[in-house]
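Got a structure for you, written out below as structure tokens; questions coming shortly.
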Amino acid sequence: MKEVEMKMLERAKALLESGEVARVVAWKKGDFCFDPSPAVFESVEELDTFVYDWFCGANLSKYLIQIAKKEGKTAVFLKPCDTYSFNQLVKEHRIDREKVYVIAVECLAKLDVEKMKAKGVSMIESVEVVDKDVHVKTAYGEETLYKPDVVLTKCETCNKTHQAKDEEIILHERPERDVNRFAEVEKLEAMTEDERFAFWRNQLSKCIRCNACRNVCPACSCVKCVFDNPASGISAKANDDQFEEQLFHIIRAFHVAGRCTDCGECSRVCPQNIPLHLLNRKFIKDIDGLYGEFQAGETTEGKTPLTSFTEGDVEPKDVFNGEAK
Amino acid sequence: MIEETLIPKVGVITDVRKDTPDVKTFRVVGTDGKKLFQHMPGQCAMVSVPGVGECMFSITSSPTNEEYMEFSIKKCGCVTEVIHAMEVGQQITVRGPYGKNFPVEEDFKGKDLLFIAGGIGLAPLRSVINYVRHYRDHYGKVVIVYGARSKDDLVDIEEIQTEWMNEPNIEVYLTIDRPQEGWDGHVGFVPAYVKELGLDPNMTAVLCGPPIMIKFTLAGLLELGFEKSRVYTTLELRMKCGVGKCGRCNVGDKFVCKDGPVFRMTELDELPDEY
Amino acid sequence: MYRISKEKLNDLYAKINETSGLYIPVKRAGEVNYAVWGEGKEVSLETLKTVKSPKSMFFPQTENMMKFKTDGKNIEVIDVREQFDERRPFVLFGVKACDYKAIEVLDKVFLGDPVDSYYKMRRETTTIVTLACSRPEESCFCKVFDVDATAPQGDVTTWLDAEYLYWQANTEKGEALTALVQELLEEGGETEVATQQAQTKAVIERLPFSNLDLSRFTPENLNALFNEKEWEEMSEACLGCGTCTFVCPTCQCFDIRDFKTNEGVIRYRCWDSCMYSDFTLMAHGNSRTTQMQRFRQRFMHKLVYYPSQYDGTYSCVGCGRCVNKCPQNLNIVKVIKTLGGKNND
Amino acid sequence: MQDVSTEKKEFTPNIVAFCCNWCSYAGADLAGSSRLTYPANVKIIRVPCSCRVNPMFVLKAFQRGADGVILCGCHPGDCHYVTGNYYTRRRMALLYSFLNYMGIEKERTRVEWVSAAEGARFASVMNDFVKQVTELGENKRLTDLRVKEGE
């Protein structure tokens, strides 16, 4: 990862120096080795804090909605999954493709520090990844974790490849894997109605309505969200009732259906670790099953499943567990 | 059960007066027919329509009025829209009074007073002006400069013309933004008019109106030699609780609901520019 | 000082539950939050930081304040506070030192004039049992705000080690609770507690954030800090979500809203966040239109405005929840390091 | 006040039927003028096209006390606006499937195509749906308890 980081930094410097771009959207160092933040670099000097490491899980594409509106061209480093969101935003005319210079960067899955801490490591000082071993140095000593156990949930079943790039910095290709991203959804589908209700009740009761899932979601790009608009009749700052806990997540999932690229940011940012991606994946799975496979963000053109139809579409009453009877 | 300021009293609208196309003045008393509570000029109250919302309004009537309270309300949002549709007899809820009043019993005493208002900005000033008129001999000369977009937008014009203008030792200057048929008074913006009038800079000035008017009028006053420590204005920000707890109406470390809405210009200068 | 074996903790909870409601860190769907105890609930005292702080005990995320019945032009206001009289007293168990300090911060706001009766009624009927920390982590910085994580205040202070929970009453309320559960307690524990305290203190000294410099955050510097150009850069990744404010033990901003039922109107209050775009939105205009302004408001409030309003007390207690939970890793520590003073390297 | 009678009150569900102005709403009219009966607890909401119904309408109906929600539109291919109901079909197929995924009983939701000429069909669809929801009982999973306060 260090090598990739150096190459990225070199490119960022060159692009800024030559004036080809006015700014670079990337990540900057935090206080620890595991808390980088998204950042905008406008000069070579600012690049002192540049970082690209195992914890750069954040999806940078949504920031471009605002940033790319500024004067001049914006360079951005995108991981494979981020490029889908980027394409989707271009498709929805939220980002002007001409104003963005996309540098595709490698990603061999990102780590989830919360999962690492749950494994009992605390006071982390440094982290090094060798193949599937995560070597962690802490104030209490050294430990080795098994990487697949501590990657971000969104990386667990990811098989995505870059869909948009003006150039690439890829030193290690991620091998194609045999993963089923719908396994968890299928598990839920196999449950009884009562069990499913209990599962979601338990999960959604944790929701504190912080809106992190909405605000981070690249598909949630409405200028004014219906939940913030008093005129909508359903605006709310908190879940005052079990109903509101459900309403928020149902409407959100439905609104991004057919546009959600499964980037998994919603689950990454949830402070209560609600598996929100399982809501969106249900829609993706149903759409795939009922109307043919569709991956949002693969292209910047064309219709989405919910803005198109065929005359022979399945009848709602014939749908059961995501499949046509 | 201990008192709770957030639980309002029920008030009844006993009179509705249409002042301008978008301003109405509502007279409110308690369900027992008496005034809901005592207040001082410049203080505000939270008026609400259950199911719609609650908003802060300045109390337009003078504290010396022992019978009722009045609110001059401009139609500009969802709550005010519903209030504007109300008729006599309709109940609303009111809680208050909130905020700091104009220092009528302290700094204003014995001084010559200059009131400058723009549009609906007269609402909070009407309370002070009528208070001063009531205790006329406690104060010196009173000069009132009031402007609005058009003659139809002058709030309380009847009271101004029939009462204020006929009183000795009160000078009233009216102005509207653009010439209009049937208007033979002054035409022009308030800030410019204030400079034209060449007012005595030893007066204590009170400004109220849209931010842009305040900004330019203040500049004009300073040019005329007024001292910032003797210029007062009021601020308005989003409020929910009215008692400095809900955390949104602050400018720096001051809450407009509790430490305002009345501020001396020198106080405002010390606050960050975020209002 | 008393102690009780860890195996008997469930008996302790059950005993308390006989006379009072018990509010305690409970694991649900993988996350630990304060919840009402009941048989079969998975209590987790070992958890260092609950996701939500115990402030929700006194200042719940949503709370009905009153009801209105409307009939034609008439309105009837219904005071719903009577339900408090019928409420059982509560024991809030397992509060960490930082969270206890946070309750003191909230007290200043809600118990200051005019008293917030909703908060006060809950506060008065609650006995607080605090729990000392023994395994602080890198995101903790309570020492910066003069919090002693090894000796929290409260009605009863407890310490936990591998075998026992140690118990010491501090107030009358605490003595009363001790008397209630006396049969389950045995004397002893002074040495164990002292040893644990010494060990924990040594760890706290070594924590990376234990020596932040706050010296510049004074009311005199209000305008200078407000006008710092760094706010722009610090806030650029901010999503404008409310995570930091909702997990914060001292954030106290609220909204008051109405809900129409089939019968009338419920007026309730709920947590609000200064990070939200509509926090200061009025019918005509908004005093904070950019995320930078909202971001600045939050940290200025914690570090400058609040201290200026309440004799120098900061309204941050160093719990580190925002450090752990911010989706993009922005937090108050980064603000302190950037603007706090010369001694933040 | 507690109900002293021990007799169990029979459950009559609240049903909300969103009906397209051009077909099912007229179908309901025809059912009425043909003196065909369907339960009075079906509350009809007229919409310009079944496609007008967004998921929020369905959820709000449940929030405000509906025990079942049925959406009636023109038969596919017969939409007054040519293609509206095709979109409805996809939308509702996904929404209902999703609600069921969250544990909401599948029997509480339905989509039916009823033309203006099918008065009898309208009545029988409603009778059938009411029966189905009655058997299911009260909606407790997707309802707002505050709404029913004081009842």
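Descriptive notes on the structure:
When the chains are written out, they are named A, B, C and D in that same order, and each has its own residue count from 1.
We adopt the following convention: a contact is a pair of C-beta atoms (placed from the backbone, for glycine too) under 8 Å apart; a residue touches a chain by one contact, two chains touch by 3 or more.
As the structure is a prediction and not an experimental result, all values here were calculated from the model.
With centres defined by CA atoms alone, the chain at the far end from subunit A is B.
By number of C-beta pairs in contact, A-D leads when C-D and A-D are compared. In whole angstrom, the spacing between the mean C-alpha positions of subunit C and subunit D is 45. The distance from the centre of subunit A to the centre of subunit D, with each centre set as the mean of the Cα atoms, comes to 37 Å. Rounded to whole angstrom units, the spacing between the C-alpha centres of subunit B and subunit D is 52. Residue positions of subunit D touching 2 or more other chains: 146. Each of residues 53, 78 in subunit B touches at least two other chains. In subunit C, the positions touching at least two other chains are 255, 257, 259, 264, 272.
By the touch criterion given at the top, residues 1-10, 50-54, 76-78, 80, 87, 89-93, 236-238, 240-241, 243, 245-253, 270, 272, 274-275 of subunit B touch subunit C in their complex. Of all residues in subunit D, those touching subunit A in their complex are 55-56, 59-60, 62-63, 76-77, 83, 86-87, 89-106, 110-111, 141-146. Partner subunit C is touched in their complex by these residues of subunit D: 64-65, 146-151. Put simply, subunit C touches subunit A in their complex at residues 28-31, 33, 51-52, 61-62, 135, 137-138, 206, 208-209, 233, 236-237, 239-243, 245-247, 255, 257, 259, 268, 270-273, 276-278, 323-325, 327-330, 333-334, 337.
Every residue of subunit C that touches subunit B in the complex is listed here, in rising order: 65-66, 68, 70, 73-77, 79, 81-82, 109-110, 114-118, 120, 219, 222-223, 226-227, 252-258, 260, 264-265, 267, 269, 272, 274, 279-284, 286-288, 293, 297, 300-301, 304-305, 308-309.
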